[in-house]
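Okay, so chain A shows up in both of these, paired with chain B first and chain C after.
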Partner chain A sequence: MNTRHPVAATLAVAGYIVMIVPILFVVATAFTDGETLSFPPRGFSVRWFGEALSYQPFVGSLVTSLEIALLATVLALAVGVPVTLAIHRGALPGKGLVENLFLSPLIVPELVVGLALFQQLIVTFRIDNWPVLLIGHTALLLPYAVRVTGAALAGSDASLEEAARGLGASPMRAFWTITMPLLRPGIFSAALLSFITSFNNVPLSLLLQSRKTQTLPVTMLDYVQQSYDPMVAAISTIILAATIVIAVIAERTVGFAKIFGGING
Partner chain B sequence: MRSRATTALLLLPGLAFLLIGFLVPALAMLFAPPGTATSEIFVRLGEMLVDPFFLAIIGRTLLLALIVTLICVLLGFPIAYLLARTTSRWSGVLLALAIFPLMLSNVVRTFGWLVILGSNGAIGKLLTTLGLVDQAPQLLYTPLAIVLGMTQLFLPLAIITCYSAVTQVNPGLDDAARGLGASRGRTFRDIVLPLSLPGIVVAATLVFAGSVTAYTTPYLLGGSGNRMLATQLFTYSSVTIDWPGASATAIIMTVLVFVVSGVSSLVGRKGATA
Partner chain C sequence: MNAAAQFENVTQVFGDFTAVDGIDMTIPAGKLTTLLGPSGCGKTTSLRMLAGYTRPTSGRILIDGNDVTRTAPEKRGLGMVFQSYALFPHMTVAENVAYGLKLRRVPRPERDARVAESLELVGLGHLASRKPRALSGGQQQRVALARAIAIRPRLLLLDEPLSNLDARLRVQMRAEIRRIQAETGLTVVLVTHDQDEALEMSDEMILMRAGKIMQQGAPADVFGSPKNRFVADFLGYENFVQTVSGLVTVRPEHVEIVPGTTAPATGLALPAVVTDVAYRGVDQIITVTSRDQNGQVTLMSDVRADDAPRVAIGDDVIVTAPESRLISIEN
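Entry: the complex of A and B
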């Protein structure tokens, strides 16, 4: 990468190897013709992809994962964007406090949140696993909906909307013609980030699962524990391919660094 | 938009989700697990903190998290620095490669290590084929496997956090120091490193908190011999159905994360004023 910093360059190469090489091994073993997870893979075949896509637990949990990720994203944005508006444009005392309150799900370990929801909503109130999973994922995504969409509003001036109102626009018209276009890139980033976060989530989905309601990552964890065949490598490769597609879309539209830089800052 | 009633209406649905989906259950868990008195949790917490089995789990969790944090900063900062300063036409691709793993499922990423470290895995095969060892060494289900797996998971987080810190350091300062005769090493030590220190502290905190609470890696790569707080919490809550044990473990985990975040924000504030 850079020969003027030999030490830094060596460390950097080591870092990239640790990050990327394991992923390549997953892909390589997915195309094996053999019966077990071994390296080097025996022969070349796509049969494990066929097996994975006709294995009912994977297909069923994939559907659950997609449903939860999609609905939680929509719900988190539906309730989160109004919160952003209230924080940045409303008559609200203690804005900082309210914003921190909505960011608080980020600081409590997800496993602890999962345990809390399991105990309190599923065991105590006997609510079904599926709605609790949806509520939990939505709460988990709220910080993204509030913070990422808020960044756009914080950087813009409320006087634009006031000017529109002063020129006779109704509140709704001012919102749709001035505020909404400002929010749109933030909403897109938040939606993307939320969907991926929910789809990949393990801690909440692990503790809130039932035999009927299981998400794909949890099913994969279970499967690896009982069987050592390349089916998980195949389903992993499919997830990898789908993630690359989403990543390319993200990079082409808002830019990677922007999406992921926003949440920790 | 300016009236209090409208503001309240905007806040209400979000607040409801936050309360039902997070705040109320989280607080209730600490004080009232199903059919359990609050005192039971704290009695259990006291027992755990003197139980050698549980202390070993806490010790292992903290030690591995510390090692992973050090490695992630040691590898992540140079990557962030080179990415921020390079003029190579590959910089975009390299940055994307460093961020992309954040989007990819933890399970998928961790799974690769099973193929590399497993008994039929790449490293064992390589060593036996070369005749260096008669039998593949046990690599999977060891602390080493957990460290490798967690480093892979959290390195992108360290890189992106350090990257935003380094990009805020004016490259003109590097040039000025170099122009005044400082060596590359000295410029790095005296200019770049101190100015990016707050970012490094944030990166270390995020990696440490993530490692202390990580479940997927110890579950897949640690096996039953290398229990950590997260895997133990799952055992209490879903295998042995031991509510006081689960709540007490959750309290320990949460306190650890809060203490580390608190200390790091203090350090960060001191660094900013110094």
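Entry: the complex of A and C
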């Protein structure tokens, strides 16, 4: 910590406290032996983890959440990466407009998007909730796919592909041997961010859910409105642990600076 | 002259900007040809059309007598060095150089030999396993050269190859590129905006302006007898005087300033007023404004400082130049 900037240092410590302490409370209460979600926890036990993992609504919605997050990420990348390539490398007329279109889900309130999808697809066309949820999440993730992979491309020299072509590579070959390796960290970052964004989403999922199809955050929200036992803290802790594992993998493979540097790139 | 490449009435239009305007040119085989001109003159566009990265709006491009106007860059077999070098950052120096050979399915032992040979040619054999980002600008430039040479290109194209290097290295690389050209016997086309670079390096020089070719020829021929005002100006002639027989130009080092008002009988002789005297150590540059021609003409004299006439701003002088140094040009 830099002692020459006491104000900055104090703010940094305050920031850590604000961010981490509430999480510690949740983790601590998850290990309680008592019946209520209270602090300090009463005794030590892991029984609430067992309860959480055998509570069907949590498990079912966790599976739904994972499926939606995974598929929406894949779809968003499948659409977003070619769009990014077209924006950054192609002779696309109105590039700015296209880029703004794909970034717009970041600005338009999710509730509005959710309501629009709900009205059109669920009410009017009577499409099942599950595919609509997938469509909504895919739209939500497109900005990440376009922006984060775009940052990786923008940072690389456009004459690289030309150089490859000049040396004898077909456009396909140049793409796979030059563009793709340069894009890989960007795609990895975009995938990670997308997955987490989808997995954590509440507003969109709230509007597009049904009894049968619910994501975990929505189920948890429902649950804490009705009961106040430590099962919610337990499932939160499980998710936290999983996130930490993902974060460690990301840090080891690409590095956080690279991943999150991509947002502003 | 044996032609390695030819442009036949080639035009390139981008939107409402005509980058290259119906040019005809011949690139001689086994020589170093420079495309010279100010930015926006169409020299880089011409090189990119030759490489196949942009397709001409109209006209034909021939390489070794074959029409390649619609041929993709990967089918042209040319070596290109980009201004940014465009080295593949995820590959080592040796992998960069081997890239074109792998695509040509050159067998491993021969590939390794040619990579080593190319790197040796540019003096970088010892850095084969480095990544590009661990190299200096000058070294990256050499890798880009080696990568282009390794595929034994029909033409070696260099787009402003020296502009990202510092002044000393740039002068050093001029000789280096000349040496490589001589050793390999390759036909080289080099784009530059630096007239000194072009004069020093070229066998053949093509001067462009606003999408048109202004003059083509050996450096000494172009420099010795510029055809028009643009060429003369670009090559540093500085002085332009309208005489009874037309526009003439003369280089500053051939202009003499004589104090007083008595004119010699032959050659150029203009009464003028000194407007600036710049001492530069070895030489001295005296700027004057002619009393004739409505005071419109500014002339420059570049003389050795040791021999410089003692004149000051505001002095009346006669500007003279011998008849033999005057060159008639088109406006």
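Definition applied: the second predicted complex is superposed on the first by the 248 of 265 C-alpha atoms of A that agree within 3 Å, B and C clash if a C-alpha of one lies under 4 Å from a C-alpha of the other, contacts with A are read in each partner's own complex, and residues count from 1 in each chain.
Just so we're on the same page, a contact is a pair of C-beta atoms (placed from the backbone, for glycine too) under 8 Å apart; a residue touches a chain by one contact, two chains touch by 3 or more.
Fair warning: this is a prediction, and the values are worked out from it, not measured in the lab.
K.L.:
Following the overlay on chain A, give me a clash-or-fit verdict for chain B and chain C.
P.N.:
On the superposed model, which is not a single observed complex, chain B and chain C fit side by side.
K.L.:
Quick one: is A:21 in contact with chain B, with chain C, with both, or with neither? Answer first, second, both or neither.
P.N.:
In the superposed model, A:21 contacts chain B only, not chain C.
K.L.:
Once the structures are superposed on A, label A:12 by its partner contacts, choosing first (chain B), second (chain C), both or neither.
P.N.:
first
K.L.:
First (chain B), second (chain C), both or neither: which does A:160 touch?
P.N.:
After superposing on A, A:160 lies in contact with chain C but is clear of chain B.
K.L.:
Look at A:83 in the shared chain and tell me whether it touches chain B only, chain C only, both, or neither; answer first, second, both or neither.
P.N.:
First partner only, chain B.
K.L.:
In this superposition, which partner touches a larger number of chain A residues, chain B or chain C?
P.N.:
Comparing chain B with chain C, the partner touching more chain A residues is B.
K.L.:
Could you tell me the angle at the CA centre of chain A between the CA centres of chain B and chain C, given to the nearest 10 degrees?
P.N.:
It is 90 degrees after superposition, to the nearest 10.
K.L.:
Taking the superposition on A as described, I'd like to know which of chain B and chain C A:119 touches: first, second, both or neither.
P.N.:
Only chain B; A:119 stays clear of chain C.
K.L.:
Note down the smallest distance between any C-alpha of chain B and any C-alpha of chain C in the overlay, whole angstrom.
P.N.:
9
K.L.:
Shared contact residues on chain A, chain B side and chain C side combined as an intersection?
P.N.:
none
K.L.:
Could you list, by residue number, the parts of chain A that touch chain C in their complex?
P.N.:
My answer: residues 156-157, 159-160, 162-170, 173, 177-178, 181-182.
K.L.:
What residues of chain B sit close enough to touch chain A in their complex?
P.N.:
Within the complex, chain B contacts chain A at residues 1-4, 6-7, 9-11, 13-18, 20-26, 28-29, 33-34, 74-76, 78-79, 81-82, 85-86, 88, 90, 94-116, 118, 120-122, 125, 148, 151-152, 155-157, 159-161, 163-164, 184, 202, 206, 209, 212-213, 215-216, 219-220, 230, 233-234, 237-238, 243, 246-247, 250, 253-254, 257-258, 261.
K.L.:
Chain B touches which residues of chain A in the complex?
P.N.:
1-2, 4-5, 7-9, 11-12, 14-16, 18-26, 28-29, 36-40, 75-76, 78-80, 82-83, 85-86, 89-92, 98, 101-102, 104-105, 107-113, 115-121, 123-124, 135-136, 138-140, 142, 146, 161, 171, 175, 196, 199-200, 202-203, 206-207, 217, 220-221, 224, 232-233, 236, 239-240, 243-244, 246-247, 250-251, 256-257, 260-261, 264-265
K.L.:
Which positions of chain C touch chain A when the two form their complex?
P.N.:
51-53, 72-74, 76-80, 82-84, 86-90, 99-100, 103-104, 147-148, 151
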